[in-house]
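All chains are identified by letter, namely A, B, C and D, in their written order; residue positions are counted from 1 within each chain.
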Amino acid sequence: MRSALLGLSFISLLASAAFAQDEIQPETVGNLTIPRGTEIVFSVDLALNHVVDGRVYALNSKDLKLLGIIGTGSLGMVHVPQGTSDIYVATSHLSRTTRGTRSDFVEIYSGEDLTFKEEIPISNNRAQALNYRSLIWTSSDLKYLFIQNATPATSVTVVDMLAKTQVADIPNPGCYGIFPASKTPTRFATTCGDGTFGTINVTADGSAEMRASEPIFDADKDALFSGAYRWGENWVFTSYAGNIYVVDVEGETAKLVDKIAVSEGVEGNWRPGGYQPITVRNDTGMAYLLMHSNGTEGSHKNPAEEIWAVDLKTKKVVGRAASVPGIALSASQGDAPALFVIDGLKAEIVRYDLPAAGQAFALTPGVAASGGALPDQVEVR
Amino acid sequence: MARITDRLFGLIDGYAENGARYMAQRTGRRSVLSLIGKAAIGGALLPILPFDRAGGGTARAQAEKTDVECEYWRYCALDGFLCTCCGGSVNQCPPNAAVSKVTWVGTCQNPADSKEYLISYNDCCGVSSCGRCLCNFNLRERPGYRMGVHNDINWCMANEASNYHCTVAAVVGLGSSGG
Amino acid sequence: MRSALLGLSFISLLASAAFAQDEIQPETVGNLTIPRGTEIVFSVDLALNHVVDGRVYALNSKDLKLLGIIGTGSLGMVHVPQGTSDIYVATSHLSRTTRGTRSDFVEIYSGEDLTFKEEIPISNNRAQALNYRSLIWTSSDLKYLFIQNATPATSVTVVDMLAKTQVADIPNPGCYGIFPASKTPTRFATTCGDGTFGTINVTADGSAEMRASEPIFDADKDALFSGAYRWGENWVFTSYAGNIYVVDVEGETAKLVDKIAVSEGVEGNWRPGGYQPITVRNDTGMAYLLMHSNGTEGSHKNPAEEIWAVDLKTKKVVGRAASVPGIALSASQGDAPALFVIDGLKAEIVRYDLPAAGQAFALTPGVAASGGALPDQVEVR
Amino acid sequence: MARITDRLFGLIDGYAENGARYMAQRTGRRSVLSLIGKAAIGGALLPILPFDRAGGGTARAQAEKTDVECEYWRYCALDGFLCTCCGGSVNQCPPNAAVSKVTWVGTCQNPADSKEYLISYNDCCGVSSCGRCLCNFNLRERPGYRMGVHNDINWCMANEASNYHCTVAAVVGLGSSGG
């Protein structure tokens, strides 16, 4: 070993010292890996102070230790689909970082090691918005990726993820958000300012028409939040005034299945608030809402004081618990049920363990960790 | 007012919701705005950390506040960096930032005369995001299906230099909250 | 006026109200301007947490109010030349913000309104470094801009600012930093690891040779800081062990003019520290140094506890004053003499007023204001 | 050690200063390093805010410190984000960041065995700057005219994916501070 070193005469320091057993042995630098099957929490950070340099922080769901970072460009929208380990980002890059020509792409990242895999150019009209999860979503068969546009005229870009190309730009005027159907992969619904839902069927040639539902909500008196959650074949929304709307988007037009008045008759004028104020455990049909008291017109982005558990089957509030000032939350769907909440004041991700199915509702505070500079979306997979 | 309306250049979304929707529009270096349906409209850039609601959920009429504070009356539906902290003023962009071509509008009550004014929130564009005085008030703000009153989107979207820098709040007329 | 409004029937809100004299009149949105002759402090912010999105914060020197921001890309180097109102930035942009192809440019910004004026492509080998002012500098006639490269092999890019094109890439191996001559615009010096200064003359065809001086310093025992300051026709350096070196770079080879032992004989082992630890008032020949006590090997980036005033003509320390934890400073050269110091702990710019020429040294603390996330260079013009 | 030196691929600056200077080099996904002249060498990315020097100006031998703290012994000449806080380890990059092809080297004393080790500081590259655990110690660090011990520059400079992410500190041998 000594002679090997001396052969490299310029390594003057090493030449004078062989390694003994009790010394730290020389190390090589490579990459850490993420164990297969790790449940990952994705904290989507808008990074508004440096808005061109958004990120996703991937955290181990158990201890919230950082596993790695994915860059998401300028106001990139992030989707963590079920059925693939990939992560999809629709974003914009400027040719001179903060100035110059804008170019938009769908970027595919590996969920196994967070590496960049591929990019697909798309038209430059996507909504550069806060990270509302409903602005980017896959079709139920993963063939299409739908991306909400705003110029401010609204439309939806359709990307064929097998052909790796944009195939359509479908107007959804006066409407916003993408809520795909489950049984018909070419179908998605969208919420509209007149209180209807539009339903769009993407055809092979990229053409499509939007069919309006009967009025489902009132955007003046009880506006639906954008951040809805899928529950089986339905989508579950909550509203400014404190209702839950369960909507079936499977048919030619969307239908209201259930409307649950969550805070009616409860003292304190409690209302949902934040950017992603509702999540649902798929197996139990339990919805969790970020709630604040003394709600008024304009308080709909106030952080939560409590998290309420609502049984979507019995349509009853089954529990309330104190919360960090949450502005977004997601429920894990795995065997260790937990809620992951963004603390809007500390920009932290907080883990709350949930009771097993059948147990009384309670939140057990767990670990907390930085979610970036300004996280506004949280996902877990 | 005639001067303003003379220069008005409507950018119509091509769709009527609750009546008509109009985007504020700016031509050349002079500004004019637009509105949407009934009542005022909102929507600009976004923030999040300014979640301290010690002053209540909305920013109504706090007479003693100055225009570098989130609770200043004109900012009742402003979500973004105050240009007053970024080299601009309450209604002027910093020297090197382009005025957004489209805007959203809010209706805020001025505590000095108790009148409600229609406020145009222009984003200032094409320069690194300012990062100072992040504010977030949402009186009559609605999601993107009411785009003209939506403030969680980059309103530099119609500018060639599309990077978000900061937001101004200009009076464009008397308003009515519609109740 | 009312009829004009009614003519635009879609402005339903305005239609119902004419403006009275006592109401706020409608406003148009334009741009604020910077008054001519405003003395500007430039806080150069590395923004390391979002390193692709560096900035210069332009502050009014009087009250440190923010006048505007210039984006400087990825580890951009900034030069604020005398003799023009422009600002020069040598920087890199990646085609996908944090990934993709790197492209380097010299960018020219207006010092009058901070707008982008022009870009000149340069080779992609410039040093992506902290903002050491000596890594980018103009020739004394403003014809050339010199930019330090590192791959890590070192060389200097020469840009013809009249022809708007790169004309040379001159090796300065083992050396680093650019210290242009005053009388010979094609000439600059560079500091070398062997303790010499190299002197380079740029020829019309872009070729050049470097001539070594006699040894001037010892990089092991008394390394020169990179952040030197011009004083008339000399350059003034300070060193890790606490000396000032006045160097004449005008000739074919550089010459040591003066060496002043600043902290010799002073109790407390005081040493200079930081990223830009020395500045000079050109008219008075007074140097100001960021000094920390208990200096040791490795303490050379420690923030200051005191600022020392050293008269370069009498070669004496003429005063000491308490300082914020400064890591960089610059003296204004105008009629209201002041020092602008970066507080390394608060990331603030602090103004200290200086006494008029002839008065005893003292620092009068003035305003302080944010200098960005991680400012590491401060200039005033 | 033979394995390491076998893979050594010197990137010579083409210039001798105080003897010879060598840059650390990494081939494929395996790393090897280099050094400079006498004693160790430093230089990576940079920081600034970690200017609290309560523990003294240098990071010598603080046995109780862990590898997510700036005062951990291997970090005596590290200037940058600790990869241990970014999804990596003390000597492994995060899953998706490329190891820098060139490095700087420091010589740090391990309080556990009182020996001085030669430490290679590799930057991890090609991902957004991590922003966590910013450290700044400078034992025997020198300006860029001693490039191999300079830590105020992006050592991802020789990688095609050149964005700085974080920094690791790998033992590459026994060192000597040279006094």
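Methods note: contacts are C-beta pairs under 8 Å (C-beta built on N, C-alpha and C of every residue); 3 or more make two chains touch, one makes a residue touch a chain.
The UniProt protein names, listed by chain, are A, C = Methylamine dehydrogenase heavy chain; B, D = Methylamine dehydrogenase light chain.
Small disclaimer: the values here were computed from a predicted structure and weren't measured.
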item: Between chain A and chain B, centroid-to-centroid distance (C-alpha), Å; value: 27
item: Centre-of-Cα separation between chain D and chain A, whole angstrom; value: 36
item: Residue numbers of chain A (touch at least two other chains); value: 49-50, 52-53, 71, 74, 94, 98-99, 116, 373
item: Multi-partner residues of chain D (each touching 2 or more other chains); value: 127-128, 131
item: Chain contact topology (line, ring, star, complete or other); value: other
item: All touching chain pairs, where touch follows the definition stated at the start; value: A-B, A-C, A-D, B-C, C-D
item: Residue ranges of chain C in contact with chain D within the complex; value: 46, 48-52, 74-75, 92, 94, 98-99, 102, 127-130, 132, 148, 150-154, 173-177, 190-194, 219-220, 223-226, 275, 292, 294-303, 325, 327, 344-345, 347, 374-376
item: Interface residues, chain D side, partner chain C - complex; value: 11, 13-18, 21, 23, 45-49, 51-53, 56-58, 76-77, 81, 102, 126-129, 131, 134, 136-148, 150, 152-155, 157-158, 161-164
item: Residues of chain D that touch chain A when the two form their complex; value: 1-2, 4-6, 8, 10, 19-20, 22, 26, 29-32, 34-35, 38-40, 85-89, 91-97, 99, 107, 110, 113, 115, 117-118, 120, 122, 127-128, 130-132, 165, 168, 170-176
item: Chain A residues within the chain D interface of the complex; value: 1, 4-5, 7-8, 10-14, 16-19, 22-34, 53, 55, 58, 66-71, 110, 113-116, 370, 373
item: Contact set on chain A toward chain C in their complex; value: 47, 49-50, 52-53, 71, 73-74, 93-100, 105, 116, 119, 373
